[in-house]
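Following are the structures in question.
Each of the next two complexes has subunit A plus one other chain: subunit B in the first, subunit C in the second.
Let's look at the complex of A and B:
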């Protein structure tokens, strides 16, 4: 027998949805506004991303400026406005749910939303009409167009100010139960939200550090921001951790909602893991300097060693969640190596999105480790290897996780139910299939030298014959995951817009909550075994990448822009 | 446990402040932006640790955490 017996009762709904359902009306309005704006950014970014991929595949042809405009809008919309609007909204929603009485400092939360939406409007407008600066807004691309640089910087600065105001409201909300004397300490989720809110503020500081000089230069109030590339790297390093921390936090919340399981290792260890995200942020930043040709060998070695810690918190949190789930499932009678996984409520679209997000994370991490090694980073960072692997994170992990959260929160927020859950539950597997094809072809193309951000890679017929084949596969993979993701996004948007017009309906869930005396009777090896498999895969693909690159007639002395 | 949360925040402050100091005191690294961001982060997390300490003093007794 390799399944879990159905002695576990189906949950009728968790405390999370009950608390969201009873939020004050102004808070619900604010959350609907932010969720809607985030989804609009995702739709814009998805459409422009698909056009970009088709152009890279050779299926569409654009004038160079139009192609870079598409790429700019894609990056700005998805990487900044989708990911940060949704994070602000989730922080506020989960903090309000923790508080049980809605948001504190509500004017700050509304001001934050207004600032972020103003930034969204400014960024989209200048990206569509100004000099296309790509998502990092490099002033060097528009030395003769300070207006574009200034408005582009203004958009991100407004977003940063809005994130700060939202985070302040979130922090005040989380502290309310303590101030009322109703709680002495945070739970694991409460502490993680508190730390995450602080990290949002710090990232806003990093964004200000990167983009304020551009705005000042455009106004004639400062020198040309020649160091933009370095300042961008600092911001970008923070932006590696921030959404991943949010993702793991959402996994904690959804795991409890969908299975009733909390960490079997206790809240204290979870708090240490979430704090570890922030502890590891500064020391692991050195690897972004690997692209500097003058970097000393000593710094390169130290950076390589420290970079190995980059995913420690994520893997630790993953191990906590998986071991807690498996041990709880086995306490309820799950048998076989993977019987507990089959017992998860896969018919629930939130579970399907979260589960496939984990698969994407394991694959993406493997190649992230390949990329950040000192010897490989200079050779691969300007190739299609980078978009090839990071879409596994941006789409497969982050976007699917945040959509999973929306699939739980929106019906609770507005009183209806999720649009066509049986259809939506099938989409994450399709998204992952498309992503794996996109990533495999893109990573192979990158290791063979296909550059990123270059739309015509024919080089007058001199390019290797494999390049167009691989890029065509990239286009096919992108079309598949974009189509499947569009269905998921449509379902979430329909749910948001339909409100109470869709009658309430229970989605599958299980209750694997088990007393401590029932935990541990059978070993739970899946978490540690997965991490061992990840390390083994990392070694294999690193060796393969080295051997492939050494077989090519190329020499690299360093690059300039990084990611 | 309540003190654990403050200690964890202070551990974050210590690391961020130390890295800010390294970038400030080793000019050859040539990264003043790192000083501003890691230093600013240290200040933010120090403020959060202070807020945690103060809010803990205001509440007397309390329920077990929810999660």
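Let's look at the complex of A and C:
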């Protein structure tokens, strides 16, 4: 029999919500604006994502340009505006809560919001009306339409400028207590916020580097940006890991809020892990380029090897959080191998979203690691394998985690309570089920060669018969997770809009905080067992992929090296 | 002070877990896709640098404009010659058909480019013993929204040196091989080269895997292997 700690539910982590509740009014207004804009981007992106998925499933038919416009709007809305507006908003909210006096450099924060919103408007407008450039805005797709290239670049440049201004305000806010002599050094969360803000600024510079040439060319003030591909790769790799770093940070904050547990391994290890993102992410970027014709075999091998390290900070953070939770639960009397997990406050939608996000991360990582092997790239890159697996991250991990944060922060910000928490707490399991179907069918389809970014994969009857069947399953999975995610988003939007009209209501939480002397005596196997399972799954799918590529009726020498 | 903690809750163990996924290296090494510490060379595939480019032919024909590396314009010329030399009446291109093409194609082959001598070898590959070891050169150009040639007739068991380039913007070329496909990205004006041997006869779809504009979905070709 498993025993689960049954401490009386309490207002755990009231620290965070209390500090958000007492933020100055202008800061609250700014945060509401940014959260609202981020949610608008998510809503637009979800709608277009669903249309895209239905079109790819063969259930809807569009003229090619319209289909690619939908895909452009989808990528631009969710990958850029949802993920970066929400990151700016969370950075400012959490920094202000750390500081407990609200934002420093408030004008920079407002200017940042104004710039990002202007970028949002420009990007959406040109994506709906211009030549479809997809979210990477490659100028070579519109050599005869500089106007589209220019406005597209302008949108991202405004976003980057706004992000920089927001991050500067965030950094100033984090440094303020130290400058005033009120604090000695950063806690783990303060340090992580600081590193994240710095990384945001670096990425904004990389984005400027990638998109300014396009704007200048469109104005007749510069040469055609033939290098866009390379500049984009540098930016793009960072763009994956910023939101992941933000996610891990939100897990720290929410774990403390929902269970009272902070790392049992000390703040220093957590700080090292957050700093590790800056160390491990940049050198691991080569795997996006495995199909590039001018990449030599040696670079491909080294690139693969370096990529093996890309998950180090994320898995370390996972291990810290899970072992801290498990050890704390055991210190409070939990027994059984995995029984302690049931003691987590699953009735709280924030907990449910975060918990299922972790499941999605494990599945997503498995397939990410199939993709980072250079010799498998000729079979998998540029196929539907890629969107098939990365929605586990984009939707399952990132979006669900950020929604979890909103479910905690919005009621604190505006004094209302979360819309129908019992219903919202059920959605993450459904989202995950839909995503798993989408991913399984999409990964299978991609492995069989279904390309990404192609709406009609019939090829005049030449395509394998399994392709449309798998893509239909992709459409069904997408419909399921889109529906469940829409309920979550609706709940969060309702909470944002309802403001003070609803009376506060406490959601389930636990308090597993335990004294250092009680902690860690019992073994905590959940973390190591999960990582062992992850590695085993990686082995299985990597070996399956190698077997498949070797079974193809073709022998190929040379990875496509040229000049 | 002895650490009262179980090892699974100690800091060093937790930090080590972060490196868990690095152990996938074992699977890669088993498939020769990662170098082993003691001098085992990675992968069964030789360095692409190891096989010569058209450029080495350029050298042997001293005085030709193309020095060590063929340029994109050399490629365009050679590709043109390849098409002219081996075009069949049904619109397909068959590098083994040169001997039936008569003096016209031979004249061009020698007059215009260094690509054609490879084609010349194809005739030797025509021998009935079918054990040709010399790869036959084949050209593939990608442009909006088609491949040129878009129908290639090749032989099973024969190695082909595919020389590929995108003419205008980035494209891809994916060969559908049944259970999976084999993809290459083609960048404009960058010549890519792979030596490919098809082991089974059949009709294989070739399709574009990099979004290249309105008719991207329709961009396809075929390789018929006999």
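As a working rule, the second predicted complex is superposed on the first by the 541 of 563 C-alpha atoms of A that agree within 3 Å, B and C clash if a C-alpha of one lies under 4 Å from a C-alpha of the other, contacts with A are read in each partner's own complex, and residues count from 1 in each chain.
Here, a contact is a pair of C-beta atoms (placed from the backbone, for glycine too) under 8 Å apart; a residue touches a chain by one contact, two chains touch by 3 or more.
For clarity, every value in this text was computed on a predicted model and none was experimentally measured.
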Joint occupancy of subunit A by subunit B and subunit C, clash or fit: fit
Which of subunit B and subunit C A:373 touches, first, second, both or neither: second
Partner chain in contact with A:462 - subunit B first, subunit C second, else both or neither: second
Touching partner for A:544 - first (subunit B), second (subunit C), both, neither: neither
Touched partner set for A:182, first subunit B, second subunit C, both or neither: first
First (subunit B), second (subunit C), both or neither touched by A:190: first
First (subunit B), second (subunit C), both or neither touched by A:262: first
Degrees between the directions from subunit A toward subunit B and toward subunit C, using C-alpha centres, nearest 10: 90
Partner chain(s) touched by A:141 [first = subunit B, second = subunit C, both, neither]: second
Subunit B versus subunit C as contact partner of A:534, first or second or both or neither: second
Which partner reaches more residues of subunit A (counting touched residues only), subunit B or subunit C: C
Gap in Å between nearest CA atoms once subunit C and subunit B share a frame through chain A: 14
Subunit A positions touched by subunit B in one structure and by subunit C in the second: none
Subunit A-facing residues of subunit C, complex: 4-11, 13-15, 17-28, 30-31, 33-35, 42-43, 45-49, 51, 53, 69-70, 159, 164-165, 169-170, 172, 174-188, 190-200, 202-203, 205, 207-218, 220, 222
Residue ranges of subunit B in contact with subunit A within the complex: 1-2, 4-5, 8-9, 11-12, 15-16, 19-20, 29, 31, 33-34, 36-38, 40-41, 44-45, 48, 51-52, 55-56, 58-67
Contact footprint of subunit C on subunit A as seen in their complex: 64-65, 68, 134, 138, 140-141, 143, 229, 264-266, 269, 273, 276, 291-294, 296-298, 301, 304-305, 308-309, 311-313, 315-317, 319-320, 323, 326-327, 365, 369, 373-375, 377-379, 381-383, 447-449, 451-457, 459-460, 462-464, 517, 519-525, 527-528, 531-532, 534-535, 538-539, 542-543, 546, 548-549, 551-563
Residues of subunit A defined as touching subunit B within the complex: 15, 98, 171, 175, 177-191, 194-195, 198, 201-202, 205-206, 209-210, 227, 230-231, 234-235, 238, 252, 256, 262, 267-268, 271-272, 275, 278-279, 281-283, 285, 299
